[in-house]
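Just passing along the structure, written as structure tokens.
Each chain carries a letter (A, B, C and D) given by its place in the written order, and its residues are counted from 1.
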Amino acid sequence: MSEFKLAWQRFVKDRVALIALWVLGILYAAALFADVITPYSLRDESRLHTYCPPTAIHFLTSDGHWAGPYVRGVAMSYDEYRRRIYRETDEAYPLKFFGKGESYKFLGVVTWDRHLLSVDAPGRVYLLGADSRGRDIFSRIIHGARVSLTIGLFGVLISFVLGLLVGGIAGYFGGRIDNILMRMCEMVMMVPGFYLLLALRAAVPDTLNSLQVYAAIVIILAFIGWAGLARVIRGMCLSLKERDYVLAARTMGLTDMEIVMRHILPHTISYSLAAVALAVPGYILGESALSLIGLGIQDPYASWGNMLSEAMNIVRIQFAPWILWPAFFIALTVMCFNLIGDALRDAWDPMLKGRGDQP
Amino acid sequence: MLLRVNDVYKTFPGPVAALDGVSLDVHSGEHVSIVGESGCGKTTLARVIMGLVDPDEGSVIFNGHPLLTAHSRRGDFSRQVRMVFQDPFSSLDPRYSVRAILKEALRREPKMTPGEDFLRMRKVLDLVRMPADILTRYPHEFSGGERQRIAIARALMTSPKLLILDEAVSSLDVLVQQEILAMLEELQQRMPVTYFFISHNLRVVRRLSRKVAVMYQGRIVEYADRDTLFNAPSHPYTQVLLKAAFNYEVSP
Amino acid sequence: MTRPYERMGRYIIKRLLTAVALLLVMSFVTFMLMRLTPGNYLDTLRLDPQISKDTLAYYEKLYQLDKPAWQQYLFWLAGLVRGEFGYSFYYNVPVAKIIGSRLGNTFILSFAAFLLTWMLAIPLGIWAALNRGRWGDRVAQFISYIVLSLPGFFVAMVLLFWASTTGWLPLGGMESPGAEDLSLWARSWDMFRHLIIPATALSLGSIAALQKIMRGNMLDVLGRQYILAARARGLPEHRVIYVHALRNAINPMITLLGYEFSALLSGAALMEIITSWPGLGSLMLTAVRSKDIYLVMASMMMGGVLFVIGNLLADIALAKADPRIQIK
Amino acid sequence: MNEAIVSVKNLTLALAESPATLILDDVSLVVPRGSIVGVVGGSGSGKTTLGLAMLGLIPSAMQVKTGKILWEDRDLLMRGPEELRRMRGARVSMSFQEAASAFDPVFTVGDQILEAMAAHNPSAGKLARQKMFDLLSLVEVPDPRRVAANYPHELSGGLRQRAMLALALSAKPSVLIADEPTSSLDVTLQARVMQLFRKLRRDLGLSIVLIAHDLGMVERLADEMVVLSKGCVVGKDHPYARALMSAQEM
């Protein structure tokens, strides 16, 4: 498929987009291997370490010998405003690489207990600090990535399939069908997204378990988002339908179905990759917003959105600013998808206009 | 008699009727040209014949029976009547190699062995003076003129009896036009194909056709042999057209 | 050939009719959704021992909670026509009382963000296009990428955090306590200070997005032949750019007006919740949480009305701006 | 012949990024007052770039290596942008192949002509409108008032072509550079535009640089002719020129 190679050559020239692709790759890989990478599971609490700051990693003992990476224990006390402050004690806990730790079902199949990085109890290592219940924010971010990164993809995939169906039929057959379907799309698009999000969420009974809530959110986001994609795809089908190679195929006796499968669909999918990539951020932000206000993923499960709900209280941000880390990861992911989406659009742009498919 | 256009009417939303009662017979070996200014309905006529546009009234008769539905055209008609379009950059699907493009022309043909496929592809490429080694390359690697040759080769894959060329050279550079027209002239001797040539350029029409139909506002105003039409045009509009095209003069 | 005004009039009426139809369908869907979920507000009341059986029965009958869903919907619809939006169980007061002020507050926030967006995005886009490639443009592009990916709620949190440390701005809400007895001018200044954080957080994202689009439009138009033709005629450069190029670059932006307004409306709802701005968004959240069906319906409808008006204004503005658009 | 009003001396233009590729290579051209000079060549021969260069509008992606472009013996390459701007439209003006894309789509035809007139010699409102209507009748526009009130997309192909000529002539230039004035027109319209060019030369003493690929048309209209192939001026017996000639006879 030379057109694909051509577009890939152009995409690769955009180094920033390549970096973005790598960053996303790392994030999704981390999500997949969360159990191994993270020192703690997402439920692992420690009342003694509420809002404990990020743990310092030392290499030299107090009198300057090399002692390899180790962390110190912490002791909590209150200052005059009854706020917690932590002082390092002198107990030392070596930092273990691939040491034994809490066992888990690796990829849901094999039970294993190795962790990339861990410290023996009662020592605690908080790479990015702890939250209100002393849970490791770094671990929960990686575990939360499983939710936040996949909700966007599943939601967009459902919207994309729906969009292809509706947009394709409306674009290819035109006439009254096109009119009816497009009015429907406009109706869905016209409704203010967040209100619909809340209303649909209200329709979901509270007695669901977390997996069902996850699925419900994906479906809600998909329901709001598909209309936008359908319109983009319809526009593409309309322009593709007029191309001479489609008319030529028809004069050579190809049936409508053959023409759609051989000529219309492949182009539409590759051209709308950019629109899909640019739509994912909307879904990620949608989930984060819902979880932020307590209607999304419920505690103890982790998603970048519900981890941020703690940061809704300004005072907490003041003395534990590290609880804002999940927002950084949301921003990073959204930025990567935007960069990739723009690069994809520029890569496919000449083909979309049907003229400039010179390399 | 290859094809008969029988009293075809077609109107699109807009002031002028695209086809206002057009009848035309095309006989094998008698290369026909349709000439006229933009908006006279010549492209619409081609699309009605190929079934891309359904006429309001009238019919297209092929091998004795009228072609009414798209399905009726999938039989012999789609094999024996093929069309080449104007824009070379839009005639070939950029996703497919030349081989796949030519292969698609055999979609409705009975299955053939890959060897037979290759022989036929090589033959049509030779007819359009293109080397056989381009089969693995892709449309973006070719110039406008080369793409149009590949499009013509695709149309020749089923050795059609009638080849409709809708402004096939109009969007090419003036010198590349010469090469394509020379190739088309040569092709007339090498293959039993009849041309149905559509163009607004009277010089191109004079070079390639035996019979010429002049169209004006959806009607054929004059239909005659080439020599009589160019040397002794009877209809006033034809006279104006010829004077403007060859002497660049027009009465005020 | 001036544009006949009755054609424009007919167009507006046609658009309003479709909008009303849309709102009806939207309300029906939401109503059914709300009724779909098991249980209603009264369930929470039933847990409260003090409330006697007959008061429960009274409420049930009053708001036809016992009737089938579609009948209750028709009852609600009839009420709507009479201007009653039903009763809010949570606030224990007719919905109409709460909805009016909340609608106004959301409109103020959305409109402020809307103005901020358009006053900054257009000039920034033009400036970036005219300085294409120079360091200024590249810096602007880099910043707009960063801002585009910052979620609105994160920006709000950071601004609130900054306000809490510097104390220059109030920490959320719409008015400082005791603002009622301030003079009109002082009170509106006080509200303005409260408005800064939510409006900025809300509009930052759209400023970045629209600036990028405006820049793209401007560059596209500057490459067109009629700009070259204008220069070939010796028109002064400022006329070429600010009359011909700008006028054509703005047109596609106007079509975005409608959708941008809906994005702002959705964003406003979330922003209100974070910065506790008393608008439709925060109202809707409490209503949804407490399954206060009539309150949800009213907020949904008001959101829809604001939305429909925004879109209609955008289409009319576009028809005025671009003569090629035919009013069908 | 009378003295040259515009002349190009040994102009060589190269692409800024790759100076080796020449768009125009040592091109010279003289346009005497009141004459029609033809520049013939296929696509990519550099003929449009030559036309733009004569207006001092050298595309930013190109740079002048050698040569001069003289407007009545003053080399415009030495002139400042403001001085050049004042001359464009008033001394030398240009018309384009696609009349539709030479007009700003959101302004009426009349407003754009008035604007072009005002850019060079501002005159009172009423007088200016009358001058605009006279100009439209000069280019044989049948109903100037109606056409002036229309938007470009509302005019037919032929009308738009003539309105664009009026636009190019709005500041009374002495030289009109016509880039492919007839190639997107039907034959009858083509002939009518050519007749219009003859009339403009006769009535206004307008010199015209006719840029086209249709050799037959240029031969019929122009006093002298230059053939451009890949940026170089070639003689009549050059294979490229002969190929163009034979394309004519067919």
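By our rule, contacts are C-beta pairs under 8 Å (C-beta built on N, C-alpha and C of every residue); 3 or more make two chains touch, one makes a residue touch a chain.
What you see is a predicted model, and the numbers here were worked out from it, not measured in a lab.
Asker: Name, by label, each chain that touches both members of the pair subunit A and subunit D.
Answerer: Expected: B, C.
Asker: Would you mind checking the shortest number of contact hops between subunit B and subunit D?
Answerer: The distance in steps between these two chains is 1.
Asker: Please tell me whether C-D or A-C has the greater number of C-beta pairs in contact.
Answerer: The greater number of contacts lies at A-C.
Asker: With chain centres defined as C-alpha means, what is the inter-centre distance between subunit B and subunit C in Å?
Answerer: The answer is 55 Å.
Asker: Which integer distance in Å separates the CA centroid of subunit A from that of subunit B?
Answerer: 53
Asker: Roughly how far is subunit A from subunit C, centre to centre by C-alpha average, rounded to an integer in Å?
Answerer: Centres of subunit A and subunit C (C-alpha means) sit 26 Å apart.
Asker: Just say which it is for the chain contacts: an open line, a closed ring, a star, complete, or other.
Answerer: Topology of the interface graph: a ring, with each chain touching two neighbours.
Asker: Which of the chains are touching one another, listed as pairs?
Answerer: Chain pairs that touch: A-B, A-C, B-D, C-D.
Asker: For the complex, which residues does subunit C have touching subunit A?
Answerer: 18, 22, 25-26, 30, 33-34, 36-38, 145-146, 148-154, 157-158, 160-161, 164-165, 171, 259, 262-263, 265-267, 269-270, 273-274, 280-281, 284-285, 288-289, 291, 296, 299-300, 303-304, 306-308, 311
Asker: Touching subunit A in the complex: which residues of subunit B?
Answerer: 50-52, 70, 73-74, 78-79, 81-83, 85-87, 89-95, 97, 104-105, 107-108, 138-140, 151, 154
Asker: Touching residues of subunit A toward subunit C in the complex: what are they?
Answerer: Its residues touching subunit C are 183, 187, 189-205, 281, 285, 288-289, 292-293, 295, 308, 311-312, 314-315, 317-318, 321, 324, 327, 330-332, 334-335, 338-339.
Asker: Using the touch definition up top, name the residues of subunit A that touch subunit B in the complex.
Answerer: Per the stated touch rule, the residues are 1-4, 6, 243-245, 247-255, 258, 262-263, 266-267, 351, 354-355, 357-359.
Asker: Subunit D touches which residues of subunit C in the complex?
Answerer: Touch list, subunit C to subunit D: 1, 224-226, 228-237, 239, 244, 247-248, 251, 321-324.
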